[in-house]
Amino acid sequence: APALAQGARVRIGYVSPQTGPLAGFAEADAFTIDAFNRIAADQGLDVEVIVKDSQSNPNRAADVAQELIIDDEIHLMLVASTPETTNPVSTVAESEGIPTISTMAPWQPWFIGQQGNPGDPSGWRPFDYTFHYFWGLEDVIAVFTNMWNQLETNKVVGGLFPNDADGNAWGDPNVGVAPGFAEAGYETIDPGRYQNLTDDFSAQINAFKQANAEIVTGVVIPPDFTTFRNQASQQGFTPKAITVAKAILFPQSVETLGEAGHNLSSEVWWSANHPFTSSLTGQGCAELAQAFTDATGRPWTQPIGFIHSLFETAADVIQRAGDPTDLDQLTDAIASTDLDTIVGRVAWNGEGVPDFAAQNVCKTPLVGGQWRRNEDGTFDLVTVDNTTAPDIPTQGEMQPLS
Amino acid sequence: MIWIDTILQGILLGGLYALFALGLSLVFGIMRLVNLAHGDLIVFAAYLILVLVTLLGLGPFLAAAIAAPIMFALGFALQRLVLNRVLGTDILPPLLVTFGLSVLLQNALQEGFSADSRRIPAGWLETASVPLGPISLGVMPLMTFASAILVTLALQWLFYRTSLGRAFRATSDDPVTASLMGVKPASVFAKATGIAMIVVTIAALYLGTRANFDPTTGPARLIYAFEAVIIGGLGSLWGTLAGGIIIGVAQTVGAQINPEWQILAGHIAFLVVLLIRPRGLFPRAFD
Amino acid sequence: MTPILSLQNVTKSFGALTVADGVSFDVPKGQALGIIGPNGAGKSTLFNLITGNLSPNAGRIEYDGRDVTKAPPMQRCLSGIGRSFQIPQPFDRMTVFENLLVSATHGRGLPERAVTDDCAEVLERTELIEVANRPAGGLTLLQRKRLEMARAMATRPKLLLLDEIAGGLTEAECVALVETIKAIHAEGVTIIWIEHVLHALNSVVERLLVLDFGKVIGIGAPDAIMASKEVREIYLGIEV
Amino acid sequence: MAAGKYTVVTRTAASQAAALAALALLVIAVALPAFASRSLIQDMFFILTMLTLAQFWNLLAGYGGLVSVGQQAFVGLGAYMLFGGAILWGVNPVAGLLLSGVFALLLAIPMAFFAFRLQGAYFAIGTWVVAEVVRLSVAQWKAVGGGTGTSLPRDARDAMWGVEWIEMIFDTRASAARDILAYWLALALAVATIGGIYLFLRTKRGLALAALRDNVEAARSVGVDSARMKWLVFLVAAFGTGIAGGLIFMQNGRISPDSAFSIIDWTAFVIFIVVIGGIGTIEGPIVGVLVFFALQTLLADFGAWYLMVLGGVGIAVMLFSPGGLWGLVSGRTGIELFPIRRRLNRRD
Amino acid sequence: MALLETKGLTAFYGDFQALFGVDVSLSEGETVAVIGANGAGKTTLMRSISGVIAQAPGMVRFEGREIGATAADDIMAAGIAMVPEGRKLFPSLSVEENLLMGCHRRKVNGPWTLQSVYELFPILKERRDRPGTALSGGQQQMVSIGRALMSNPRVLLCDEISLGLAPVVIKDIYAAFPQIRATGASIVVVEQDIGQAMKVADRVYCMMEGRVTLSGAPADLSREEIHDAYFGTAA
């Protein structure tokens, strides 16, 4: 391999939230990095992965990114898991000129959130060194409305958008989800941004009841969603569909809802059911999920695929760069990536992305899924809509909440 | 109608905040101890209840009843072994120690239980409600509120009608002189913290059934609890209950106007009350 | 000549308890006035009203011809009212000398350098010079009482308020104290002194005021006051 | 008459030695970028800014008796004004530091008006709540990203005064030059803070501050203007804390309400530093920040254990040496590097 | 055998030694006065006996039992009650609650009850529901004495009970002494007022600079002797 020929070790920095409230995203870190190191060794890649914990704290994320760059003199930065992690790290890396691959944050909060004035598109600039792949709000809009179209509703949607990076991006009246929903014929009731860890959702429930909303959507953190779901039941608000992001990402979070978790729906960015294979290990999605469960005793979760794909992409980039310790060559290699990974195709070719972000953002496929409760209280995520990515098979149909 | 509902929901929410606050109020009132770990202790108790529920298959209420004496013992030991040694006129050492404790607890829980969010299952009670004309009130929130009132009554009785309560107040004023009356300040304080931990367990029961919690959930509500205590006036238990309700109602009313203002409205209510009455609604004569 | 201090109908109550009840009296410049009265009569409260540590519910306080009823303590101190507290309140963590420096610099609005010798002199007069560099928190009761007085003196007051400074002193100490106060008085300082140690008080003051239940029940020459029936009954507890 | 018989001394042998050492250290510190690695410069930046925050908090709590747990309000507002200035009005970030200080000062006025009505623990909680209100309000400020936060625009970053010159003389990349600039600014701020506080404590106002700390009633009745002293201390601390906040985030390049108004980072850790080092002394925060930094560096890679050890050390120091580490040192040896105690000596 | 005695009692505040080998004793039913100038160590002696200042074992004996190293609250329970210097009432307790604190731990049937304390100091009954500290100094002193009596102590330690009190109140308070003695309690009074001390005491100890310099029955001591012991003028 060329990297070996150069005789220099490539240092990869990786920042993720291993502790703190976002730790669920990082649970596959060790598992993935072990596999990566093993395969890198097999392939004769001289790489070293230096892992830093953001402690789920954006300040800390920026600090450790600096440490990686300055003390560890890394050549390539990898970062994943929510804008709270990706944005500070990307900002630091961009200003230090370190090639960076980022994932697992919708691209709007990542791209727009890093701009000086997010409200003023004229001032938005592309980045020279940082690249991001995931999906965007337009995909979520399509997936959600497709799922809802399978049901008989009055097309009135109540929105729960907090005042955080995700909530502001989703809830923006101009570039958020509402205009897209409107195009698909859905009216959005948005009572306004609330703070995370709110203890009472009566105001939202009243607003939804008044507007006779039959669907609830949003991007909600798990504790808030539980509060909302309970209060909605207690206050006699029973929508036909609840389709939210974030809150029901992990099976553990859904399990805490008990029966109230059944048939909740959300976007699915990766699953054991996806038809992709790893460029690194050759595993299919089901195999990877099983390997994870075997190794850790825990059920598969969506981030596993993306963390894996992040290292896939890194390996690919390093192999393609003439001198992977040369930052500019590495950057060029990222920009010219075209790789089929376990989460789908990663290529920064601007496909489906507006011009201002085309250079830095790549999109991966998104479908819709529903949580189905098993007899024993465990839940399965079932793909119910694939209009947006027909090559990912569905496993069932969208069902209304009883 | 919406406003009536909003205010009722706010009052019920206030019950939850009052439960968070009552234990704090007890400890704050007796020892001037600003316990920054209070929120984390509530979360700790919630995990304890959860463990009892999952391990022994108990109902949440029975589990809380078993957890309460365990928490009492823990509180007693904590006060005896650690906190007593930093009490004094200076509020800083306890502030720092309880902050350290808060950090310790959070991270220990994280090591032990991971960052996953959990919930204490309460079965059908979770979603049960009582219709009240066009309004319907959740059974759990109603129970929360009722518990807050019961806890206040019980503490009030303990504080002002028993000789232990008198010893609490005397020791709070002057531990050295109290010891000349045959009081052991160290153990009086330890008992107070123990009792506060029983209240903490009750708060944990309702926190844990209302929403998910994870090891870092504690501090977020700590500030509301402090607000309730201070609005109420140092050492006034009814005041603490009233304080909780004020914060709760301010939040729901604020949210009804615009959800952006929900939490802000609670804080602003606190500031306004203190502007008008710097020592809270029901201050005690001397402190 | 205007009196240095004049109280007119000053009233103060704590809740239902009235501790100053329409108190009126004047103190001419340079006089030494003693205040006696049973415990709880409102003597210390009266001092707090004069210094501004408490504010009256009604009435008017004039100092040096000006209305100071609403002035903050700091301002009254600057204009020449110095006081000692019944329960000594030293600045515990500062040295004795620094205690005095605070009052000399802030009480008189002077820079530090200008008051050093003055402070030293007060320390000598109050026999605190030996402990000048010791933290005030570690002083004995007597030393604390002396510090109370020294700190008040360091502001070079025109009106000095002393609250029970002889209590707890031995006879010899008491004699020394009386000498010191006499000397201060001789310099023209007006003195109001609350004291239960009557022989000490009476050897200094020219006029005596008796307070009972917040009311002035007598004011006049010490001999006359001490001989009055009311005082003997109420205060000394001597059956007549 | 005692005239001229006594002199007042504050200096000690240790303090004179310390002054010389400090001067030498300062010279080395200024020249540091010439030979130190970039990571050392960054570490120094962290130490200096935390030290500044700690000194101001110490001034508030240790000397002024104002135990504020709302200092993150000033850090955050200072930082946001620097960003706001750069984003909305094109203010050069270096000049924006002044905005940081001024706006923090402006915030301090209503905050003090409210908080000064409260005592002790009430004051502490009151300041915390005000800081929360400021955080929640800033989180509604859409032009700087609302709850999402934002980054310093590249134009503003590139335009920072002095960076080009540093790039030239040290022959480094722009990002390293920005670090050097930030480091020098932090050094200047820390030196000005320590020097300023020390000189202030040696004036008669410093004396008044100490008196107020011991007994408010008594201080008031010997002519100390307690309200004015509190205002003075609070406003000065707000101004300095605001500038430090602006500087920290200028170097950081990214801001969000949660990071800028973090009670843990900007108040809890600062309290930790001051109390561990020794409150009410200038030396304490210096010792404290070094201990804090050492702990952070040694333990940063141990995840949750880092915070647990930190918590444990905090508890241990409070239990075994309530005067902090410096208290332990000066208690044993009597050394004071920044003496303020005035001793009255008989002239012989 | 003495009811209460100290042997070679020493006490320290940090490095500062306040007592140097003090020997005092108190017999059943006796009243003993401790006099001495300010700072002589009288309060320190009281605090050492009552356990506020921890002692090495072996220095204090009460009813033949060693109590030097016993905690203050246990000493109180054994029957030694103190009227501390400076009254030390509990501000957040009412007058009545302050009194009740006196028998918080030691509940012994005896002559002293709320009722009899109110008879002794009738003004307190009027003020029973007020906060203890909203009383004047004299009234507070009455509460403090009453509070100590409430436990029906075997030994009553009174530290400067007449400090800052009007003569009429001092008279009242000392007038209560015979009643207190009549109940069988032994009393130690610390007093500045030598005359007063001589009047009530069976025996007097005179302290100076942490040492007992003179002791004996009042009748046996001459004014000069006392003066010397007090001020250290004796060669």
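A, B, C, D and E are the chain letters, set down in written order, and residue numbers restart from 1 in every chain.
Here is the rule we go by: a contact is a pair of C-beta atoms (placed from the backbone, for glycine too) under 8 Å apart; a residue touches a chain by one contact, two chains touch by 3 or more.
Not measured: the values here are computed from a predicted model.
Any chain bridging chain B and chain E, meaning touching each of them, is missing here; the list is empty. Taken together, chain C and chain E share no touching chain. The most distant chain from chain C, with centres taken as the mean of CA atoms, is A.
Of all chains, the one whose CA centroid is most distant from that of chain E is A.
If you average the CA atoms of chain A and of chain D, the two centres end up 38 Å from each other.
In whole angstrom, the spacing between the mean C-alpha positions of chain B and chain C is 48.
For this pair, chain A with chain C, the centres built from the Cα atoms lie 75 Å apart. None of the residues of chain C touches two or more other chains.
Residue positions of chain B touching 2 or more other chains: 107, 110, 260, 263.
Listed for chain E are residues 134, each touching two or more other chains. Across the assembly, chains come into contact as A-B, A-D, B-D, B-E, C-D, C-E. On the chain D side of its complex with chain C, the touching residues are 1-8, 203-204, 207-208, 210-211, 213-215, 217-226, 341-344. Of all residues in chain B, only 163, 166-167, 169-170, 172-174, 176-184, 235, 284-287 touch chain E in the complex they form.
Chain contact summary for the complex, chain A toward chain B: residues 19-24, 56, 163, 191-195, 197-200, 202-204, 206, 210, 222-227, 230-231, 233-236, 250, 252-253, 256-258, 260. Residues of chain B touching chain A in their complex: 2, 5-6, 9-10, 13, 16-17, 107, 110, 114-119, 121, 123, 126-129, 131, 136-141, 210-214, 216-217, 220-221, 248, 251-252, 255-256, 258-260, 262-263.
Residue ranges of chain E in contact with chain C, taken from their complex: 13, 16, 37-39, 86, 134-139, 141, 160, 163-169, 171-172, 192, 230-231.
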